[in-house]
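Labels run A, B, C and D following the written order; every chain starts at residue 1.
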Amino acid sequence: MEKIPVAILAATGIVGQRFVQLLDKHPWFQVMALTGSDRNIGLPYGEACRWVLPEPMPDWARNMDLKRSEPEEIKVPLIFSSLPAQAALEIEARFAQAGAIVCTNASAYRWEPDVPILLPEVNPEHVELIQFQRQQRGWKGGIATNANCTSTGMTIVLKALQDGFGLRRVFAVSLQALSGAGIPGVPSLDIADNVLPWISGEEEKVEREPRKILGKLRGQTIDQADFVISAQTNRVAVTDGHLVCLSIELGKRASIPEVSSVLSDFSIPEISRGLPLTPEPVIKLMEREDRPQPRLDRMIGSGMTTVVGRVRPDPIFDLRLVVLSHNTIRGAAGGSIYNAELINKVGMLG
Amino acid sequence: MEKIPVAILAATGIVGQRFVQLLDKHPWFQVMALTGSDRNIGLPYGEACRWVLPEPMPDWARNMDLKRSEPEEIKVPLIFSSLPAQAALEIEARFAQAGAIVCTNASAYRWEPDVPILLPEVNPEHVELIQFQRQQRGWKGGIATNANCTSTGMTIVLKALQDGFGLRRVFAVSLQALSGAGIPGVPSLDIADNVLPWISGEEEKVEREPRKILGKLRGQTIDQADFVISAQTNRVAVTDGHLVCLSIELGKRASIPEVSSVLSDFSIPEISRGLPLTPEPVIKLMEREDRPQPRLDRMIGSGMTTVVGRVRPDPIFDLRLVVLSHNTIRGAAGGSIYNAELINKVGMLG
Amino acid sequence: MEKIPVAILAATGIVGQRFVQLLDKHPWFQVMALTGSDRNIGLPYGEACRWVLPEPMPDWARNMDLKRSEPEEIKVPLIFSSLPAQAALEIEARFAQAGAIVCTNASAYRWEPDVPILLPEVNPEHVELIQFQRQQRGWKGGIATNANCTSTGMTIVLKALQDGFGLRRVFAVSLQALSGAGIPGVPSLDIADNVLPWISGEEEKVEREPRKILGKLRGQTIDQADFVISAQTNRVAVTDGHLVCLSIELGKRASIPEVSSVLSDFSIPEISRGLPLTPEPVIKLMEREDRPQPRLDRMIGSGMTTVVGRVRPDPIFDLRLVVLSHNTIRGAAGGSIYNAELINKVGMLG
Amino acid sequence: MEKIPVAILAATGIVGQRFVQLLDKHPWFQVMALTGSDRNIGLPYGEACRWVLPEPMPDWARNMDLKRSEPEEIKVPLIFSSLPAQAALEIEARFAQAGAIVCTNASAYRWEPDVPILLPEVNPEHVELIQFQRQQRGWKGGIATNANCTSTGMTIVLKALQDGFGLRRVFAVSLQALSGAGIPGVPSLDIADNVLPWISGEEEKVEREPRKILGKLRGQTIDQADFVISAQTNRVAVTDGHLVCLSIELGKRASIPEVSSVLSDFSIPEISRGLPLTPEPVIKLMEREDRPQPRLDRMIGSGMTTVVGRVRPDPIFDLRLVVLSHNTIRGAAGGSIYNAELINKVGMLG
């Protein structure tokens, strides 16, 4: 089988690096172009990029010269983007216009009514919105966003609970990793022996995104799911892996064993199974009371699994639990690639 | 004025060290004895104690020989205890029996109906329970406990809100410092590049203690305050300073400016003012959205102030905020000393 | 091919866990028994062991019941030991007596004249000493030790330089990882926002071991290599990977390009090549001035490669460089397994 | 006594913040102006400065508007500078020309033959060079630099040893704190779970500066001291406090007790004693084998003391030891202020 040529926009950042690493030896996709900021155009990736992943930079990437993020220069049917939100707004549209499917980690389009925030474990049917993008915007391609890195894991858990019992209200307090802030990101003096109790714009995303993702596709729009989230987000001195403490009010009463069963039995929609990055398992339910922990558990399922622990009753709502998700794999680059795999499977690619 | 002789039980642990450091040059109290575990009896404190505070060990402590925690050997009217809960149960009672006032950081007696969990900023009138201890137990002295280090700061905040608006329900998620686990405490490999989402017994304490502290003294018992707390507690890689994210449902509606006023105007009960360790200010309300932070703000008011920030509306309850409190000063040794100062002021000491 | 049955002594510690992880799916060896401390005998490994590795515990290990470290109970031809030095002294001898080859990470036997400190990249011929053990001690098996985790990487570098230019004097200052201290090891409060400038017994090992490893086998003893090492060892807040800064006086003058060539061209002795854990490459020479770094480079060659950088002139001696080696893989469990592979290849096993 | 008006150039950086904090309530100097980068001119310091010190920002600073670093706007006799090297070159000269004494932490002028690198504990007589600046450059004021933060502590130790025994050769390997890199400085992802084995330009400074500081003033120049230093510098995850491991060859043989006596008996030159920031003690010799440690010992002598430990024989040179010095206090802002106090005492100020 011939591989599908793809490009990575803003490939030198930390999510860009994860795209490069996760697309190395991908069975379906082959990276043909990497783009960078203006001052790096023409430089080999290996020289322009300060690589911060423990996995070594693939050799094919090292010698690839950085290009501009221009559809005229980069003619491939599939684009992975980790552009900053501002730049994404214009550039991603131009690629979609020119016929490419853009799977993006940027937040720019997440709130457009005809753009899905796609989680294949949760709402693969939202991929239909790409058709409406084509109709309404005259695009030949389309845009699929993935969720914010903190929203991702908890939304997968909320999906299982929504299906099982319905959802009413959710308190979420996060302890987020440094890699979520990119490069150079958080200055080391800010976080050494410290916690930062605020992350710009994060709480708004965590409160809104799950409701769209869990919403119902009705005609050409999505009816947002009818529950409320209150979020408090914190940065802690951890390299990778976002932890979220949740207290949840269900739609109907459920015992802890019932909740645990629903979580560990949760299965991915048929259409999203068996893809190269399909998480295996989708949810890992840990029994030890001191788990999940970022350093020990973030790489379960190669970083694609949503790890859950401490499922227990809540004295105010129905239950409490802790969710861990690898923020630059499942919550960013891996999520975008999984989205692309789904889009390819349903035949909307090329 | 002649100083009151005092002793510190279990002086080599991290709270014991804080007692030593905070009692150095105390205007009212003079340390006459330090106790340690059996294998260290007779050794000079400077030799037996692995001192882990940045402030230097006082010279008077260095050369003091460790004694047994025995009332027969240690005859002083005031005892500070950082004994482990199990040992505290028997030993603290014996000192109280023998006539000493025991101000303890141990949890052993917190749930005895005639023992106060005393916070001078909140419930100085609970000191009356010591009289009932004397009547009912035949003790000549008495025991006053201080709250768990995580309960402490949030209870002071809850007191201000209870007075202003009443309280109904509280979600609390903590990010707690390493010093809260004592010495040797958390192994470094457990917390390096990591978060621990569980602290043994901690959530129970955080859910129960504030209700007793905020309760009303009625006859010889305390009517627990009528609100509910749900707590999730986490350990993070910070040396000192516990941070707690709170979402609070008040007894009646209040605007954020009203809440902020109530917090910044909160004043300590008359009887607890002007003591050597009275926090100044009692509550520090920070305006920057990224504060409080443990490393920068834990030493406000010499570590006795309760620091509050990010006061903002909550989409589910009424308001959200973040509380920071120095866990081994306000939340442990400093709290016990402040209790002793109050007890002395009301004339119950000696 | 039938696999060789092996056992791991003291399998619950951090080096023991690395043995379990690295022996999972090993092509030659199959773990038949795990031992633990007295209080855990009979418990399944998954219950007795607080697993601290990010790689998941293999399922076969989880359900294996812990045994005593007794040759009567554990009859396999190959033993991997991460016993503490004191226990190793007696127990390893009993296994060797009973006919097993013991590949040990303990230091107990390193200074016995008839026991090799074996590094297959450096001194595979020292394996001959096992024959003398059998003659002199009447053992049916034998003991091969591996070097201290800090000695390991630097000795491989010193070997290349010794071969190329001879060696006279070496200054070594280490920055060592937390996992080198085992479990529970360094208390987190000791290392948070801190460096420990001392590691018990470490400097002596680093100064002595390389001279034995680089010594010549002459008759039944080893003539220690004739150069001097001065070592200063420090503990830093890194999970894995020991960094050593070296200043080296060679036996004869050499330019930096000559030194670099000798390092990057260094090849493993014929007999030690092509084994399952043979490092590939043996030495990785990094060119960027800010490498090697523990987090980014410790897993090069699956943690078996010795990583070198910053090769440059020294104003006092001939050259300076920085060495990084994964302390629990190449410097401990991986080293012992590589030793066992070599011993099996030369036919001394069973 | 009326205080001397002073200004701080580049007051928003980390060394600038230390100047502000250390000059708060200084008995001789009063801050009249603070300067910042172009985009912050006119803003109150409290708004423009992201304060990263645990000590609270003084109120007088909070409301002071930032000015340009221009002698026309800032007419005070004493300037403290933490400008970057490039900007320092021009701006500091203009202030010196206009009549101000500039005590600077910048490296720009350290290698001018008529500019001293001044350590009052070591070479107060070098202050004479300011006279030659006035003669040769026509300046009405003058410039005194302080040493690099890593050079500082070790040079004070080397001075004691030079006086006692002479010096020949020194190996120095540093473990340096994050605050040495300023704000924003080292990205947190670069140092989390990591060590950086390279600091730009640092090794050159550490190898050169001590020889000038320890040199003899002869006529109008300084004869550099005749010994050699080899330096390797590393960054570690510590907030404050640089640790340096030294191996030293003396001019003549000395026993460890002789060395220890020389270090603990070292006394500051008469002229530099009794000033507001004179370290007390100048050198603190620690006896425990695991000290000094940055977190526990950096604040000895309010951060002005040079802390030494692990004095022991060296198998190659004569002795080894470990030095700790607070890099932003003794090694930067505190050092500059101490220099200014000395300059004022000798009557060269105003």
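One rule holds in what follows: contacts are C-beta pairs under 8 Å (C-beta built on N, C-alpha and C of every residue); 3 or more make two chains touch, one makes a residue touch a chain.
Note that the structure is predicted; figures quoted are calculated from it, not measured.
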{"item": "Set of chains whose contacts include both chain C and chain A", "value": "B, D"}
{"item": "Interface sides of chain C and chain D: same vs different residues, half threshold", "value": "same"}
{"item": "Chain C-chain D separation of Cα centroids, rounded to whole Å", "value": "42"}
{"item": "Whole-Å separation of chain centres (CA-atom averages), chain A against chain D", "value": "47"}
{"item": "Multi-partner residues of chain B (at least 2 other chains)", "value": "52, 192-193, 237-239, 295-296"}
{"item": "List of chain C residues in touch with chain A within their complex", "value": "51-56, 192-193, 239, 295-296, 298-300"}
{"item": "Complex contact set, residues of chain B against chain A", "value": "169, 171, 173, 175, 192-198, 207, 228-230, 232, 234, 236-239, 243, 245, 247, 289-296, 309-310, 314-317, 320, 322"}
{"item": "Of chain C, residues touching chain B in the complex", "value": "14, 52, 178-179, 183-193, 237-239"}
